[in-house]
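Quick one: this structure, given as structure tokens, is what I'll be asking you about.
In order of appearance the chains are A, B and C, and numbering begins at 1 in each one.
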Amino acid sequence: MLSWNGRRGGLRIERKHMHRERAGGGLQSLLQYKDALWLAIWLAGLAALGVWDVLFLNRPALTRLAAASVNTALVASGVVVCSSLMGWVSALALHFFDHGRHRWAYLLTTFLLSLIRSVPQIVGILLGYVVLTLLIRGEVLRQQASQLVVMSLIISVFVFLEVTDLIRERIRHYRKLDFFDAMLCSGVREGRIINLEILWKNSRAHLLHKAIHIFGATVFLLCSVDFIISVGLSTDVSLSNFPPTLGGLLATMDSKQDILAISTVSTDPLALPDLFFEHLQGISTAFTIVFTLLCMYRISSHFVARRRLE
Amino acid sequence: MSGTHSIRIATADRTLVAVDDFDIAPNTITILLGESGIGKTLIAKALYGLLDPDDLTVMIDGMPYVHYLQRPETQALQAESFFVFQEPSTHLNPMMTLQEQLNEGSLASTEQHEEILRRLWSASVERDASSLLPVYPKPHRPSGGEKQRMLLAMAFKKMDLVLTGKRFTHPLFVFDEPSGSLDNRYRDIFLEMLFERFRKLPFTVLLITHDYSMIGTIHERFPDVLPGIAFKELASSRDGLRLRDFEPKEYLHWLSGLRPAAAAVGEPVLTVESESDVHRRTLTITRDQKTPCPLTLGRGALVYLKAPSGVGKTTLVKAVMGLVRAQRLRCSLNGLVLTERTPLRVWRRHIWGKKMTLVFQHADEALNLESNVRSVFAGLPSVEGASPAAVGDILRGLFDAEDISALLTKKVKHLSGGQKQRLNLLRGLSLNTDVLILDEPLNGLDFESAGRVIAKLQQQQQAGKAILLVSHNEEIFDRLVPTEQVYYLHARESANLSSQKDLED
Amino acid sequence: MKRKLLEHLFSVVVVGAVFGFVIVGVHQQQAEEAGVHDPAVAEALGLRFLDFGDPLDRALYKESLDAFIPQQRERHEALLEAILDARRQQFTDELYKTGAEQRGITGEKLQRVLGMYVQFILVYVVVMAISVYAAETFGTLRFVRSKQGTSSSLAQMMIVLTNDTIPAPQRYLRALGLLIAACAKGAGLMILFSPAYVIAYSFKTRFDTDSVVFMIVLGIVSNGVLVHYVNKFYTFLVAESRKGYVETALVKNLNHSYSTRDPDGIYRGDIFRIRKRFPKHVFQHIYLNAHHQYLPALKEHAAFVVSGLVIIEMALNIQGHLNYEMLKYILYKQYDMVLVIVFAIYLLVKGTEVFVDVIVEREARRLENRA
């Protein structure tokens, strides 16, 4: 950022830099790595919440909350892995179909991807859950682990296009430069140029950023779908058979009552302590969701700023 | 701003520039030479006050940058000076017309720029500047040269405003690679306009370039201004950068010693038919600038393809390399006929890196900046495994032997522009191809490095490699290539052809 | 542009055909599943003048059969039994309970859904307009504040705490004030990141959370929409501020102070204007380019807003709204109607894409000197 000239401009710079100097070396280095700082804040926040819940939340609720948190994290991580793989395969397929002049394969793949793109993510996942219910009812999926894997796959189907787009955009960017052609002319294989030279050496930060984003987006989508199903669908498409997640836990009557209690604090501030002792299940669940979304966003945006990925 | 300065510029993890004796003489035109990427632009921006103290740690004369920026001298300098940046395409706002950009800020106080524009466009037969004023600058229109001239027009406008006002204190006009996008004729017009003003009233100019041929032009065409010009060269040394006085005769002497290599020309390896259609243009090759004739490249030959900037030299060689789809092309490589209908897989399987290669002109774009030097040679068909020993041998071709072990693990992005260019050339030279095509091979090199590159090319020539050169640096290559190996390229619009873009669409 | 519009049209036709094909397939399958498999039973149930719940009608039906097709009394009794079984099944199956009596796509249903769709579009348009304005305005504000060198409250608190020149009681009071400000900002951020249902349930006792106004407010502030797009615009501004043309603007001595009190600085009112302009200021260059960059991002913004509204309508069970209706159809396994609604939402997103492409193309024509 350019910031020279002008008396006021100069004073501004001085004030900003004086602040930094006073804040000391430790704080300065933390300020330089704000993404790492927010990662630490996220982990510390969840750890603090865990300790509080161990002390004050009843045992069954604590077990439910722990299971829901772990399952949510597992599904989100699963989606990161699956969508990365699906995105990579589809982007490479599109690239080679396009440049290998397999026109029909290219058009067909593009059409299929557009079809997925045309369905809003939340609606697509909801319909995917219908399939998941059928699989559970048909006893095809009996174990919780396999159910979590299928949940990850379903969400990945509606999320992986973000990875596809990113990889294609990176390849396109480097194709515009002489970089790509220069390597081709030197006899370097195209697969190596894309996978090693472009994606590994030049796009790791972009892909990591996308992974953080997908983790956050999955937490949001998963919780939203589970919440919707719990409050909206009470019969066949029911969460009762699904692995518990934070969204499902939030939709239980107890949790909803706990969240409702927040509004009473605005008229009765003395009721504030009750939130932390009597309404702990719902508050903890909501806090975990919102705090995770906030921290993921912060990690992601500071990562972008630090690595200058704009 | 004139006087000697000590300048330190660093990022959080490494020092970018450290120079103790940077000197700009007042009321003098300082021509600052040196290989590209060594830090000339960064130093000029630091002195002008254009660097961001949030991004870089800058110290000038032991003073923190924020204090330097607040000095009244710095602020006066910024008020009455101008800086012409080296990449015209990115230094004009694509969302505003050229007219708006030519008349804003301190340039808004007068709209008298017609004469400046007329002079800067006087060599143009295609259009005058007034037709460009309502235009928004976009990648292909105006051309790079026109954008460069528009930025020069802004500088001359400011120059006239300040110098005729007579109330200036320390104006400084910085021209960073002003001829980078200009043909020699436009470059000479620019120099003429600058020197005219300088003759009337000397002022301080810093002209940054790695175009050594400017030296010859000034000596030949403007000898009267030589006393007002200081030639300096920025070079790296063990202790950082060093600014030294540059003796133009050194370069002129070196230039006069250049000779073609004594290599016998063998049987033809590559033949390109005289006419090709690429990007809606017909490109014609001639020997005498009149009669079309095919380009023939024999074993051990060094062939020079000449044309002014923008005619399509690079486009033609890319078409020959199969990188740009031509609408009409016919060439023969060791008996293998290549046309516009030849599938890409033929180039992929039989040509790229095996029979023919192309070294691109911008090393910054052609190399993977995130690689280390050693891995630049990994994956090439002729360098097995890119072992340190094998890569070391290759590097010895253009680098000092004592630097090689440190160089192997260095990231390409941390090399100077000249080092990158040498690395870029070495990648092409290391391949066992019959044909080597070089696009502006001396781009960004100081003349010492240029000499090493030329020697290396002549060595390859003697070993039987066929080399095709594409360059506008006539001053050097006219001395290296015998006239019978010089070809000219001409372009004309072809009426009934779709452009490449249309075809791709 | 014509080519782009044709592409969109082709895409709508093809996707429409796929949806149509799937809808017909689903419709037939549902008819088969819900229908009676024995044609004789189906035929009998189709006789509108007979009520098999009435013993008299039952007796009349059986006697008629016996009279017209004699010597098959046992077969007629079995048929009657099958008819009664089919009727029982229809009554006990939950899919035929309240709200889902009508199977398949009917004109009445389509009419009802159309009304909801129009309402959904209106809400969507309002949310889009406000959130785009907010993204640009708050993105600009954030950029200006960052240029002013304003530190975060927590960083300021750390500085105050370590500043020995301020007397102890004042120092701690100021630090406390900054801590409270930081907490308030943190709480505000938590709200902006909260999924709509968390906010809605938190305020359910205070507001009518089923109202359209509340839905618009939720659509703008919840689900991270606002934060995400404010940040996006801010990122564009930061990226543009590093471009070469800004350097040229600076050496032309355009104003560059970001103080809102400086006459050469940024006027606060300009930041909040709908059509923003910053004359004679370097920021005008930056803003124009960032704004231009944001235009194509409107497609993604629109998809995000649609998803957010779908979640709000479904999670809050807002009766009479399009997506709650879709949720009910999923519940009652009326997938043909579900697909109709999904296709309608697709058309809305597609419509936005066409709108954005038209604007982008118009801008491109102007800026690429083709106008």
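A few remarks follow.
Throughout what follows, a contact is a pair of C-beta atoms (placed from the backbone, for glycine too) under 8 Å apart; a residue touches a chain by one contact, two chains touch by 3 or more.
Just so it is clear, the structure is predicted and the values come from calculations on it, not from any experiment.
Of all chains, the one whose mean C-alpha position sits at the greatest distance from that of chain B is C. Of all chains shown, A has the CA centroid lying nearest to the centroid of every protein CA atom.
Averaging C-alpha coordinates per chain places the centre of chain A 19 Å away from that of chain C.
With centres taken as mean Cα positions, chain C sits 51 Å from chain B.
In this assembly, the C-alpha centroid of chain A lies 44 Å from the C-alpha centroid of chain B.
Among all residues of chain C, those that touch two or more other chains are 247, 250, 253.
Each of the following residues of chain B touches two or more other chains: 50, 78.
Across the assembly, chain A contributes 1-6, 9, 13, 16 as residues in contact with two or more other chains. Residues of chain A touching chain C in their complex: 1-6, 8-9, 12-13, 15-16, 19, 22-24, 27, 31, 111, 114-115, 118-123, 126-127, 130, 220, 223-224, 227-228, 231-237, 250, 256, 259-260, 262-264, 266, 286, 289-291, 293-294, 297, 301, 304-305, 310. Only residues 3, 243-245, 247-254, 280, 285, 288-289, 292, 366-369 of chain C touch chain B when the two sit together in their complex. Contacts from chain B toward chain C in the complex involve residues 48, 50, 78-79, 81-83, 85, 87, 90-96, 101, 104-107, 135-136, 138, 141, 151, 154, 158, 505.
Chain A meets chain B in the complex at residues 1-7, 9-11, 13-14, 16-17, 32, 99, 101, 177-179, 181-190, 192, 196-197, 201-202. Those residues of chain B whose C-beta lies close enough to touch chain A in the complex are 12, 49-50, 52-55, 64, 66, 69-70, 74-75, 78, 318, 321, 323, 344, 348, 352-354, 357-362, 365-368, 370-371, 379-382, 424, 427-428, 431.
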